[in-house]
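The structure is given below, and queries will be raised subsequently.
Residue numbering begins at 1 within each chain, and the chains themselves are lettered A, B, C, D, E and F in the order written.
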Amino acid sequence: MRESINNNDRAEVLVHALPYIQAYQGKTVVVKYGGNAMINAELKAAVIQDLILMSCVGIRTVLVHGGGPEIESMLSSLGKESRFVQGLRYTDEETMEIVQMVLCGKVNKDITALIQQAGGKAMGLCGIDGGLLLGRLLKSAGEDLGLVGEIETVNASILETVLGSGAIPVVSSVALGTGDAKGHILNVNADTAAAQIAVAIKAEKLILITDVQGILRNVQDPDSLIKRLPRSELENLKKQGVVSKGMIPKTECCSLALDGGVKKAHIIDGRLPHALLIELFTDEGIGTMIEA
Amino acid sequence: MRESINNNDRAEVLVHALPYIQAYQGKTVVVKYGGNAMINAELKAAVIQDLILMSCVGIRTVLVHGGGPEIESMLSSLGKESRFVQGLRYTDEETMEIVQMVLCGKVNKDITALIQQAGGKAMGLCGIDGGLLLGRLLKSAGEDLGLVGEIETVNASILETVLGSGAIPVVSSVALGTGDAKGHILNVNADTAAAQIAVAIKAEKLILITDVQGILRNVQDPDSLIKRLPRSELENLKKQGVVSKGMIPKTECCSLALDGGVKKAHIIDGRLPHALLIELFTDEGIGTMIEA
Amino acid sequence: MRESINNNDRAEVLVHALPYIQAYQGKTVVVKYGGNAMINAELKAAVIQDLILMSCVGIRTVLVHGGGPEIESMLSSLGKESRFVQGLRYTDEETMEIVQMVLCGKVNKDITALIQQAGGKAMGLCGIDGGLLLGRLLKSAGEDLGLVGEIETVNASILETVLGSGAIPVVSSVALGTGDAKGHILNVNADTAAAQIAVAIKAEKLILITDVQGILRNVQDPDSLIKRLPRSELENLKKQGVVSKGMIPKTECCSLALDGGVKKAHIIDGRLPHALLIELFTDEGIGTMIEA
Amino acid sequence: MRESINNNDRAEVLVHALPYIQAYQGKTVVVKYGGNAMINAELKAAVIQDLILMSCVGIRTVLVHGGGPEIESMLSSLGKESRFVQGLRYTDEETMEIVQMVLCGKVNKDITALIQQAGGKAMGLCGIDGGLLLGRLLKSAGEDLGLVGEIETVNASILETVLGSGAIPVVSSVALGTGDAKGHILNVNADTAAAQIAVAIKAEKLILITDVQGILRNVQDPDSLIKRLPRSELENLKKQGVVSKGMIPKTECCSLALDGGVKKAHIIDGRLPHALLIELFTDEGIGTMIEA
Amino acid sequence: MRESINNNDRAEVLVHALPYIQAYQGKTVVVKYGGNAMINAELKAAVIQDLILMSCVGIRTVLVHGGGPEIESMLSSLGKESRFVQGLRYTDEETMEIVQMVLCGKVNKDITALIQQAGGKAMGLCGIDGGLLLGRLLKSAGEDLGLVGEIETVNASILETVLGSGAIPVVSSVALGTGDAKGHILNVNADTAAAQIAVAIKAEKLILITDVQGILRNVQDPDSLIKRLPRSELENLKKQGVVSKGMIPKTECCSLALDGGVKKAHIIDGRLPHALLIELFTDEGIGTMIEA
Amino acid sequence: MRESINNNDRAEVLVHALPYIQAYQGKTVVVKYGGNAMINAELKAAVIQDLILMSCVGIRTVLVHGGGPEIESMLSSLGKESRFVQGLRYTDEETMEIVQMVLCGKVNKDITALIQQAGGKAMGLCGIDGGLLLGRLLKSAGEDLGLVGEIETVNASILETVLGSGAIPVVSSVALGTGDAKGHILNVNADTAAAQIAVAIKAEKLILITDVQGILRNVQDPDSLIKRLPRSELENLKKQGVVSKGMIPKTECCSLALDGGVKKAHIIDGRLPHALLIELFTDEGIGTMIEA
């Protein structure tokens, strides 16, 4: 904290956040956590503080996380090479075991530990627990991707149990197979899982923490950030090429949530510390907010 | 809000308040509201914001208020003159009616309206409601003071009902007479009422909003503020003359609360905006904190 | 109690009231209290007993009161003169302050004190508390009436909280301004407030305590009292001149309640002691009952 | 109802009962029902009304009944003769079957039907249901009395379930055998059962409806009724012969209840209609009240 | 238990029952109990064990019983002769008294006692209690049958109270008269009562314990048992004469339940010990299951 | 299931288990799962069925698991060699990461998946979640063992939350470091964790699934199994050498539980299918039961 911020200013800042706190109290917010904000220790600590503060002021906060880099690193330690099908990694049994172990055992519990140690309360879960995420095998253009799945059912009741006990559910994106996939555990996309969970739990907001600023009208110009956007304009922006490449799956994820009844979806920049708090509790926010 | 405070600073301020929020969440704080902070419109608005924020972050907040100046003004409008007995105003039937009307009908409901209009939830009460404060006639050195009372019983259950509904109880310091005073409504001291309520409701803190900085070692030197004080040293300070004059009843009030199980009593300066938030949510605080 | 009533008779009376008690238990009854029954001390004591008995046998009882004479008397003590617009008193800021003070601080708390002292449990409220009554400025034929308001929203949840705690809510008819009237407190008609509250809380009955016998077919003939009346006949009676003058707003109030789902509206004679009990717990009742 | 009781008187009577209603609301009263009040149809109807009214005003009412005359009549219809041991009827298997059938199947369900038809809610039980009364064989001076039992354990939880559902438990005095008596159903004394139930359910009052006025100082003089009596004086009265013969077991029953924590035990005259209401809701009451 | 069943086999049996337990847990099953299973002591003990086990594994179990033979026997002991109208026994006042006494006082309480003594929890009720069964007089082809009734209303709330307390409701089939029959207690058919109760309580299953194997395609051939049957085929089977004589009222009872929303109705053979458990917890079951 | 077990036998087996089900219903049982029963797929499936059945009949079941072999295998895949200190594996940071990943991510979630797929409900947790297990560094004879910990505090509230939702908590034995170990995750002994959890949650039973028969009087003679043992005799048996080697830590674990208030501790043979059910639901049981 800079020395220059005196107590009066501090009080003003708190009071300034009040209307936002009042607006979100008792509402549910699903946060998808990934990218730099999960690698850099300082950014990580800031996210943890943000989550605890959100929970403290009565926002029912659900965290869904990915874990790509840690999986990569474990696969390479084990000398396991990856095969790609249509640009997607083929997930064989052995790879799936590693994915499960790293996501549910390492990344998930490390986040949970950080929240607990910072004085918050958290509970680490995955799609297996209480049958939270039930999935089937994903077929991409008819190609076999191994144990990559898509979610068929979200049983949100376990999240209600955890939220009801005052804890933040921290969710790894693996699903329990049903139908053809019965007896298997599946690797599912974390962004999509977050969106489907947001729908199932009737969330007010879905917030995707990414490694970009948000949607830029001109990708070269950081000042061209679109702050608010109705969902109905997404198609246009895609046609105009404003939404392109990596931004496409992110916005599809937002659309999925908004079409399912979530009020607002946010794409924010996880490279800035406390991006969550700034988006939630200040006037201008940070990143792009898409409204239903 | 000054332009110079950017979003990063704002986030830092919020995060900085987090450990305090965590510490007080679910605890009860009784605030005695009076003096300048109740006269000056800007200070008043700041107190209202502070109370709503406290309530928002899960602090069970009870407000007890006085209303001397407004009573004076109404008495003089009505051409009613006061008689004093041993320095205390004699309260005849007619004066008591005015006191009750101004406190319970004007001051109390105006505060309640301000909280409601700022998006909070409040409920205006007095000692009569649900038998909250039951009192008998106060005899000072054997002299008759009319309908001045002292509190015999606090029935905190009505406050639990109000707090349980998510509202801030706003309490006027009039009591329902029992025993000799049965059938009368009594004027009781608001500071003492706040302390007795804090004991009855097992509050964590009693905070007195006053028109002084706190306890100064040297009353001439504003830098001599005593920030923390064990209750056990109060007697010494009184003997040394550090605690004197108007500060004596304030500290007696604090002692009453601390002896009854309240953990901490604070004397803070209501002439500074957001004194409540600064005392609760910053490291140095403001004013004097007396610990049990 | 007359000597002539022996214990057998007493038992018979109690048993006779049983079917009425069974019928109303758990139901909500809103009572508008005003007129002579509020001025005469003996009548007042009887109303208080009636309310406590109703509450005791499980009727969820809400009391709404006016306070015209006490307001008049305070205005005249303060030398404040009234201006009338189309027969309605113009309520300037200063008058409104007096109205609020007298209603919420004096009349309301005095009734509450009487209930508490008679062994009942009551809680004095006004439309400000918990945002119970939200209103806008009333424009009568385009004329400005000052701070006279009409109710836009009734937030009955605070009444549920109070009733749930076993207390009788005692309600003063002032409202919190919204829209144009934001920041103001408004004077609203107590009869209408009672009717709107009855609708909002899904009351079984609205009972207006008045200074007349009820609706008389021939206003000269006390024996011409109409005991039961379907709501549908009110228009006819108005055309015939049977319902006229002061009875018109009373019946409009009843219509408002009945159209909003209240089952029965009663106009009873507050000049008779225990009019409430007689209307509720005897075969013939007293006054006029209008049925939906 | 006599014509001479007008509505004002009715209201006065109701209001007069108010302090008693307030005093007993939420308290438990166990009534032992027997004698003339159970034979005469008019008295019976009055008792039913009294019980419903008690229940209606929030008194948790438990009814325990006997059934001597109906058992006699069935035994004689079946040509079954009785053998007596030390003045007590020897209860063989066949007699016990009749006792059970008449008490639990006839008397109990008839009372329950009367309460239901009068608009009340009741549930007929016996000591078998939910293991309410567990008993062993009673040995009187070493003599075998067959299936006559004494109660060892009262499991009041089933009564709490019934009371909690708003119904009046109507209890037949048969017990489930334990120990030596395992596998048998036992005949237990209804007065004693009522007293033991009153203790187990922490009743405020035990009321025995009998065929006498109460305890008379001079059994010849109906004006010598003792209205109030401390439990401590019972021994003296027994020595003086004031308490004698049939009154001895009644007072022993009262002592049993009082010693177990019941506040007051009443012996009232069931030959007067509404004796229960008069005892509970009037100043002088009826019968004798023994206080702990 | 045969010596030949070792612990491994025991474990296998328990595990084998698991899917059935999982399927019925939390569901309601209404069992109609009668015939041999109620006369033979060994069969009786087995039914009691079955009921307790069902209740133990979380099946909400309601028992409805008849009692023909015991009623016959009591009528003959009393030298009471029966008159028949169209093959149905005319029930006069005196007969009804006997029916009520035997069913509610003897049969009902004996079953309840057996459950309690075997470590279960039960509560004996009849249609009078809490107004469970309200009926009117049954007119068969215009003939007067005396106090034979048909059920008009089932107030299942009392069963919910009993089930909620963890006890098995044991229900005698007598009803409280309404309308013409007001003031009377009526004799109602136990099978029909069971079906109507199953509908009112939204049961999963109705199970009729009978003295036959189930529906046989060829009544001479015990191997021709129909194990499963859609409700829609009942009419056909009746036309074909497969369902005939005593089986007709049984299947009509099943139809009544299924048409009212019950999922499955079973006709099982009470002459085999543990028929209930075998039907519920084994693959092949026993008897005939009719599906909606 | 052998063909030779007919339906009658099945019913008998179920009924035979009834008294045990009645005895344990609503009680808490902590099961430590490890050894062969966790490696062999068939044994594993049997344990899963046992756990679901226990949960189904109302036993509050908590599963604590180890995972030695799977950790070994992953360490060797990664080419990580172990250093031993006084016979205990030194756990460096990197090893701890593997332990955590394998236990919490692989073993824990695989068990959870099996329970869910078999129709049960489970939730996989570790000591980090909700601060379930807080530990400090274990010093063995002053030697540094790296991140090996001992449990200081068990916060059972999270287990109550999970049990309350009807799920089986499946717990991995890693703890969150406090004091010196703050910021670290610790490896704790699973047997001890099970015992400490059993104490904290006031369990009725602790059951250790092992790879031995139980305590044998003569380790060479399988027929010398001690079936029941008072805790007080354990010391003697140790002196006599009957309890020796690997059995010593097992019995210390049992003592820890029994001394903390657990009623019974069982050492059972996980190499037999359904050892849990046999121990709980048959007369002779299996293995050794030690009683407090």
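Definition applied: a residue touches a chain if its C-beta (ideal position, glycine included) is under 8 Å from a C-beta of that chain, and two chains touch if they have at least 3 such contacts.
Since the structure is predicted, the reported quantities are computational estimates derived from the model, not experimental observations.
Least step count on the touch graph, chain B to chain D: 2. Looking at chain D and chain E, not one chain touches each of them.
In terms of the distance between Cα centroids, chain B is separated most widely from E.
Relative to the C-alpha centre of chain A, the farthest chain centre belongs to D. Look at where the CA atoms of chain B average out and do the same for chain E: the two points lie 68 Å apart. Separating the CA-averaged centres of chain A and chain C is a span of 55 Å.
Chain centres here are Cα means. That of chain B falls 35 Å from that of chain C. Residue positions of chain F touching 2 or more other chains: none. Taken chain by chain, the contacts form a single closed ring in which each chain touches exactly two others. Passing around the ring starting with chain A, then chain B, and so on, the chain order reads A, B, C, D, E, F. Interface residues of chain D, counted against chain E in their complex, comprise 77-78, 97, 100-106, 108-110, 112-113, 116-117, 121-126, 128-131, 157-158, 161-162, 164-165, 167, 174, 176, 182-183, 185. On the chain F side of its complex with chain E, the touching residues are 1-2, 5, 7-19, 21-22, 25, 46, 49-50, 52-53, 56-58, 119, 272-274, 277-278, 281-282, 284, 286.
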